[in-house]
Amino acid sequence: MENVLQKIAGWIPLLPLIGFFINGLGRNLLSKKAAGFIGSITVLFSFGLSLYVFFIVNGGNTYLAHYFDFINLASFKIGFDFKIDQLSSLFLLIITGVGFLIHVYSTSYMAEEPPKDFAKYFSYLNLFIFSMLLLVLGGNYVIMFIGWEGVGLCSYLLIGFWFKDTNNTNAANKAFIMNRIGDLGFLLAIFWLLAKIGTVSYDEVFSAVNLARLSVTDIGGITLLMFVGATGKSAQIPLYTWLPDAMAGPTPVSALIHAATMVTAGIYMIARSNILYTMAPATQVVVAITGLATAVLAATIALKQNDIKKVLAYSTVSQLGYMFLGLGVGAYTGAVFHVMTHAFFKALLFLGAGSVIHALHGEQDLRNMGGLKKYMSVTHVTFLIGCIAISGIPPFSGFFSKDEILAAAFAKNPVYWGIGVITAAMTAFYMFRLYAMTFLGKFRGTHDQEHHLHESPPAITFPLIALAVLALIGGWVGIPEVFLHSGHKLEQFLSPVFAQTNTYVEIHHLKNELSHNTEYILMGTSVVLGIIGIWYAWTRFSKYERTDLKSTTGVNNLLENKWYVDEVYDSAIVNPLKSISLFFNNVVEKKIIDGFVNGVGRAVNYSSRQLRWLQSGQVGAYVLLMVIGMLLLFIIQLFL
Amino acid sequence: MLGTYFTFPELLIWLPLVTGITCFFLGKEKLAKDVALIASLITLGISLISLCYTDAKYVTYNYVSYVWLKFVGNTFYVGLDSTGRLLTLLTAIAFPMIFVATYKTKQQKGASFFGLMLLMQAGLMGVFSAMDALLFYFFWELALIPAYFLCSIWGGEKRIQATFKFFVYTFAGSLLMLVGIIYVYLHTPGRTFEDGTYASHSFALSSFYTSSLSAPDQNWLFWLFFVAFAVKMPVFPFHTWQPDTYDQAPTGVTMVLSGVMVKMGLFGVIRWLIPIFPLATLHFTHTVMILCIIGIIYASCLAIVQDNLKKLVAYSSIAHIGLMCAAIFAMNEVSVQGVMIQMFNHGINIIALWIVVEIIERKTGVKNISLLGGVAQKAPVLSIFLVVIALANIALPLTNAFVGEFLMFTGLYKYNGWYTFAAAVSVILSAVYTLRMIQKVFYGKTNPVTETITDISLNEKLILAVLVVVIFVVGVYPQPFINLTKEGVNSLVAVLKS
Amino acid sequence: MSVSTLVFILLAVMAVGSALMMLLSKNPVHSILWLIVVFFSISGHYVLLNAQFLAIVNIIVYAGAIMVLFLFVVMLMNLNTETEPAKNYRLHLIGIISGGSLLLVLLSALMSTNIHQPVMMKVGDAGLINKLGKTLFTNYVLPFEISSVLFLSAMIGAVVIAKKN
Amino acid sequence: MDIKAYIALSLTLFTIGIIGVLVRRNAIIVFMCVELMLNAVNLLLVAFSKMHSASIAAKTSLTFASDAQIFVFFIMIVAAAEVSVGLAIIVMMYRNTHSIDVNFLNRLKN
Amino acid sequence: MMFSGVFIKSKAVPKYLAITGITLLFLTNGIELYTGHAFVNIDTMQMLSITGFNLIFLQVIFGCTALFFLLSGRDFEKVGEHVGEYFALIFFVLCGVAISATFNTLLLLFIGIEIISIPLYILTGSDKLNLKSNEASLKYFLMGAFSTGILLMGIAFIYGGNSNASFYINSIQLGTGRMPVMITVGLVLLMIALSFKVSAAPFHFWAPDVYDGSPTVFTAFMSTIVKVAGFFAFVRLFENAFGQVQGQWQTLIIFITVCTLLIGNITAVFQQSVKRMLAYSSIAQAGFMMLALFALNVRAKEGLILYSAAYSLATIGLFAILIKMSDYTIEGFNGLGKTHPVLGFTATIFLLSLTGIPLTAGFQSKFYMLLAAVQTGHSFWLVIVAVLSAAISAYYYFRIIQAIYFKEPSAEGINITGISPSFNILLIITAVLIIALGIYPEFLLGWMYHL
């Protein structure tokens, strides 16, 4: 069993890698069909393997697969290990599953690309799957970091996929650099761990012995640095601005990387090191507040966006905020749960949006859409499901996960809950604003667009349907206690992962239980607020007409310009860096240092020119100088 | 035969030296080119073979010593320890790469070009295998002089001034080192030679290690040596010769300079500075580190605003070297191990980077980032290679540089967290300038300059492919290299423990 | 205050005085003549020191040969009139000062010490010609031989230089 | 008679010679000043020889004392040789430039 | 040995005879060095001391002179028609060198130096119609005579202070503790006079002008052989006579050394004429040789031998090339490497050696000097000054190398006359000698300990 697991676990990431190589090297030879097929099939296979692994793990046995020594020194040893347990297997399913659907979707969505780029696209996509799997499978932080940077690279490559346009490449650079900042935090955390306890493998780090060796400041510092990493990857304040720009990439990419999988890496990491966070309450507060703030901020911005993908992007950011809130208040299961559901409905929404954009030949502005209901029914229905799910209306999946987080937040601090619920309402509002502006009313686009309007091909609709189903039922694995005793299958499934935390919580009595009534009340309020949001959006935008008069109240500008965060960053960080570099280059380097070096040479030249005048060419002068020299010597010798 | 008549270090030194001298007399460039290529390949073969004989029982294969200058107790004493082995391997790899990569580029008086190149190789080999201070100094200069001529004869338009600065700079540095060597020499115990003659002092490395130097002496001698090495590396305030020289030198030479020659400085620190002046080292660690870290950030910032592709690479190299130097002075097993492996990796990466830069410059005739763009459309293969190499240069995981930098940072962190934080900023900055370069050069729309550019030829593909393979092999499975250098690391760390 | 002392002082004053005159006189011929006076007084000193041979040689070689040679050259170039252009007085001042201070330094150094060795006067046969002759041709034969080389070279040199071409 | 007197005297003459070399520009005069210096040396040497013969007359033979005088003799020889060459040079220069001002020829400088 | 020198010089004959003469001299000297006893045994009353040290030095001198004759013997005709006389004068100088290398009494030192100087006055002025030459010889003569006066004054005081009244340099009574004032004064005067002869600052002023003014052939001769001979005399005198009170006069030496190094190197930087530049560089090299005087230990003596060989060879070779050239400015060398590869290459070797690049004789000599200086164990900063000035020297030497290799030859090319194959071969031989000395100097130094 063990070595079977080892082999299988090895093959899961290996298959996409192989796909990457085939597509990457043979991209001039492969036809589109072949490339797409290879790309998808490899992922499909690894999805199958993941399922297998999942069932084994569900059987209760986890396994640490050691392949070879990555780095092996006297003072520490980093193995190339895979950790196969509940958490990783769950993520495996999400990644490969959603990944596969999106591959299929892409085969049709990217069809216009020339075969070369088509193959390139799929190779990138496979590479991404590979790195993501590495990230979640990694048996220690270093392997996780390898995947961590790998996904960053892939998102960079895919955002800049259409690199002829400088905006895209700018967005790509921004994404990579912001991620890099986060990665730095992560890296430093790893150094810290190595310096303190000389190991990075999960099992050893979380072993009681090593935890005992870590002081409070250590844990606090390490967790904070890791969280910095998470903010980079998962687009939290202050490093979230890259995600909206990342929408420059192809839509499936946005669905896969920037909604379903990569951006949840941060959550995965924190969930993975849950015990550390549980032991660092200060960090938890930071995480919770950051998450909450991000959720609110992003939601507010999303209210005013007119680019369909931008809206979704901001909603992603805000949902991620939710997850972090969950992590911050210790509801790790809830966070992971939300990751899952979010993966379903957000991928769905993005793909739906993609389908719309595809139908409108790249039109992304909501104001030029509307009334698509009658043209593309499948997309419309699935999209609607997605919207309801995200708005947290039971029994759709979003409800359960979001509710769990909110409940835990309330348990920790009612204020969290209050803000969270308001955000939820906003979410409902802007999602349905989006829905209404897209599908309701009458078409506001140009005529030939209207002419070509059509439902998307099956390759696109099939994933939509699949995801819609998941978005609908995906939440039922986590039915809260209040409804159904031991209905929370997911919690039971994941409990081994969070066992340490739970025991710790037990010991220190950190958990304060909520009575069932309060839970009912909370749910009720959130649902009601959600519905209010939906209703308001419906009434306001179902008959939306193009109006050129812009409402120019301060708040409006603020929101439309995303709180001017980008501008602030530019003026606070980017430009200063540029100017100081220029200063170094033009002043310090050229003038001071090099100036000094050349100055020495010039000094020699100058003194040479001066000394020449001693050589006056007149015997009298020479003798005089000699006599003075004699005088000097005598004085030195006789009187000194 | 091996071990009795010949030893690896001798072969590695004499082969390039002899072929180099012969090259001068082969009039025709083509012929000289081929001879040089073959010779360098044989050298590579030898150094690869030598990897199989690292074991202690092969000591006669790896070490040899003849009496040379009896009066001053100097011997021709060369040997391959683990550090030296790694760097000689790097040298051996570098030259054939360069010869193949620049195979197409014609230069007048080619024969002497290749002759000088081989002489330089001999010098480098000598530096890395010399076990005698005077010998070390000889080779040190022997490596410098050909570089000077190569740069000044075949360099760019401002070559003479740039190279001259480089020369005087390094020459002054090494003279100071010479004085230092003499001073230490006079504090070494006497020795009797194989043939019975007695010298009151000796230049042998071993007796240098056992020299009786008081702490105050060490403190100023340290700087005499360090300046020489710092100029070569170069460390922050002594670096100004480098960008100009790299910019002006012919690319083949630049590859050697940046790929191998800078390692001379690091190597010198590892073998000649720290073990001889342990007290002073401990005393000045912080000073040096702060210099290095300033250098890292400073150079990275400069790299951000460079328009000249070559200067950009030069500054990035300064940043990397600064990190290595800092890591050496952190002086724990991890950091030194990192440096060892990184010396090799940096060599590979920067050479690969230069090859790409050279191709671009040759194809477009410009080296200004601002004038380029859209190359990726015209030369996709080239751009893929560049992206890979550039990412290796910024130490992305699974590339070789990641291993080195990871270890160095870890070790540095063990030494002092704050330094690590400061130095690690370069991780971000390096991403900034590298991506900027990729974007400006390869992405975007094509312009008149890049319209006509064609993709790379087979031999270039071959070389780059080899290098990329090395990059990934070391990046994914670094353990063999770590084992290769372990012994050296331990010995060095042991010196500092005591 | 013996008579010899008196003579010494007289000769000393004479030597120094005439040396100064030699220095100051504008006309080369005059200064040559003054120099001859100096030589004579120095020879006087030799006599006083009972080194007759040197005294004689001094007169013959210097005053006789060398000075005449000088005189001859000067006449040949008929420089007897004032030819030296207006001098640079600042330079002179510096020269005199430095020279004087050199003298002062040396004197102060030498006089401060307590060397009070008497100089044997009017006695001792060291300076007599037979003694010198013996020594010269026994102990000092080698330098004597070598000096011939010197003369030879001087001769050839003079020829090379002076020969018209 | 104390040796100091002689030292003083010859040093004075010597310095006068030096000053002459410093201040005069007529080559011949300068040369004469050099001769004066030599004579000062001669005088001093003779004085020293007598001094020594006074001090060590008792102990040893006086051949020592005559060393110095021999030396003086050689000095004269050399001086003579020098004069011949020197005057030749001066004459040559006069031939070419019709001047014996030492500063007249001033092509070589810096 | 000496007399063979005297003997040959007496008939003034053109080049070939001279060469045979010098080779004869070389051989006799060599044989004597090898066997250890002279041909003509004459009782010199210990006025000459024949030791391995002196003999090896003379060997070097004669060797260099032979090479000098071979390389630039032809160019004597350029100067004037008295070729025979020139050779004769050079032999006189050699005789003087021999004396001043082996002298044992102050008298012979004085005479030796005079025999060196007087012919040099002539040689300097031998280009009679050239005013520069005249000026040079006049300056040289006047200042030389002046320094002779100082030398004599010094000797006089030494004699006066020497309680056992003699001129033998090893019999000077220095007393215990601080040496008597008269000796001190004499010593300083001697030091001044000899520094003048070896053109050490601040008594170097004559050197640039004289070297520049005199015919290049003779400049080559006197800037090398004569100078090192002066040094040899200097070192021997101060080692044998005042060795044990070194501490009392080292300050002066340090002062002189530093002045020489700095003034020589720095002033050389700006020179445009190679000839004049070499004059200054010779001063700079003198500064390095002064280090031997500063150290006065075994290494110093070995270093001095090595230095005289290395420096003379390189400079003679360089001058031999320079003589062939029409214009002496650095631009004159432009593109020499292209038009005359052999000349260019050898010139580069010579320059590298002068700079002190390893594996050339120049490095070994500098290395020995530094070694000796450091060995003294005090005033280390002097050594630092020395190496820094060496770095400066690289600056001006390499300007010529740059001209040779990196500059394009001027349009009409370089007009160099009278390059015979034999000349090239000789140059190469010289270069090879330099390299050989650089690789294995002990081949030469071993002879020191042969006797």
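Labels for the chains are A, B, C, D and E, by order of writing; each one numbers its residues from 1.
Simple rule for what comes next: contacts are C-beta pairs under 8 Å (C-beta built on N, C-alpha and C of every residue); 3 or more make two chains touch, one makes a residue touch a chain.
These figures come from a predicted structure and were not determined experimentally.
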item	value
Between chain A and chain D, the fewest steps along chains that touch one another	1
Chain-contact steps, minimal, separating chain E from chain C	1
Where chain C and chain D overlap in contact partners, by chain label	A, E
Distance-maximising chain from chain C - centres being C-alpha averages	A
Innermost chain by mean C-alpha position	B
Result of counting contacting C-beta pairs for D-E and A-E, higher pair	D-E
Interchain centroid distance [CA atoms averaged], chain A/chain C, Å	104
Chain centre separation in whole Å, for chain C relative to chain B (CA means)	71
Between chain A and chain B, centroid-to-centroid distance (C-alpha), Å	38
Centre distance in Å when chain B and chain E are each reduced to the mean of their C-alpha atoms	42
Residues of chain D engaged with two or more neighbouring chains	3, 7, 17-18, 21-23, 25, 30-31, 49, 51, 53, 55, 65, 67, 70, 74, 78, 81-82, 85, 89-90, 92, 102, 106-109
Where chain E touches two or more other chains, by residue	107, 111, 114, 118, 121-122, 125, 128, 138-139, 142, 146, 181, 184-185, 208-209, 395
Where chain C touches two or more other chains at once, by residue number	91, 95, 98-99, 102, 106, 109-110, 115, 139-140, 143, 147, 150, 153-154, 157, 161
Each pair of chains that touches, named by its two labels	A-B, A-C, A-D, A-E, B-E, C-D, C-E, D-E
Chain C-facing residues of chain E, complex	6, 9-10, 12, 42, 44-45, 47-48, 80-82, 85-86, 88-89, 92, 95, 99, 107-108, 111-112, 114-115, 118-119, 121-122, 125-126, 128, 180-182, 184-185
Complex contact set, residues of chain B against chain A	165, 168-169, 237, 239-241, 298, 301-302, 304-306, 332-334, 337, 374, 376-377, 380, 391, 396-398, 402-403, 406-407, 409-410, 413-414, 417, 420-421, 424-425, 427-428, 431-432, 435-436, 439, 442-445, 477-479, 482, 490
Chain D-touching residues of chain C, taken from the complex the two chains share	4-5, 8, 12, 15-16, 19-20, 22-23, 28, 31-32, 35, 38-39, 42, 45-46, 49-51, 53-54, 57-58, 61-62, 65-66, 69-70, 73-74, 76-77, 79, 83-85, 87, 91-92, 95-96, 98-100, 102-103, 106-107, 110-111, 115-121, 124-127, 131-132, 135-136, 139-140, 143, 147, 150-151, 153-155, 157-158, 161-162
Chain C-facing residues of chain A, complex	620-621, 624, 627-628, 630-631, 634-635, 638
Chain E-facing residues of chain A, complex	601, 604-605, 607-609, 611-612, 614-615, 617, 619, 622-623, 625-626, 628-630, 632-634, 636-638, 640
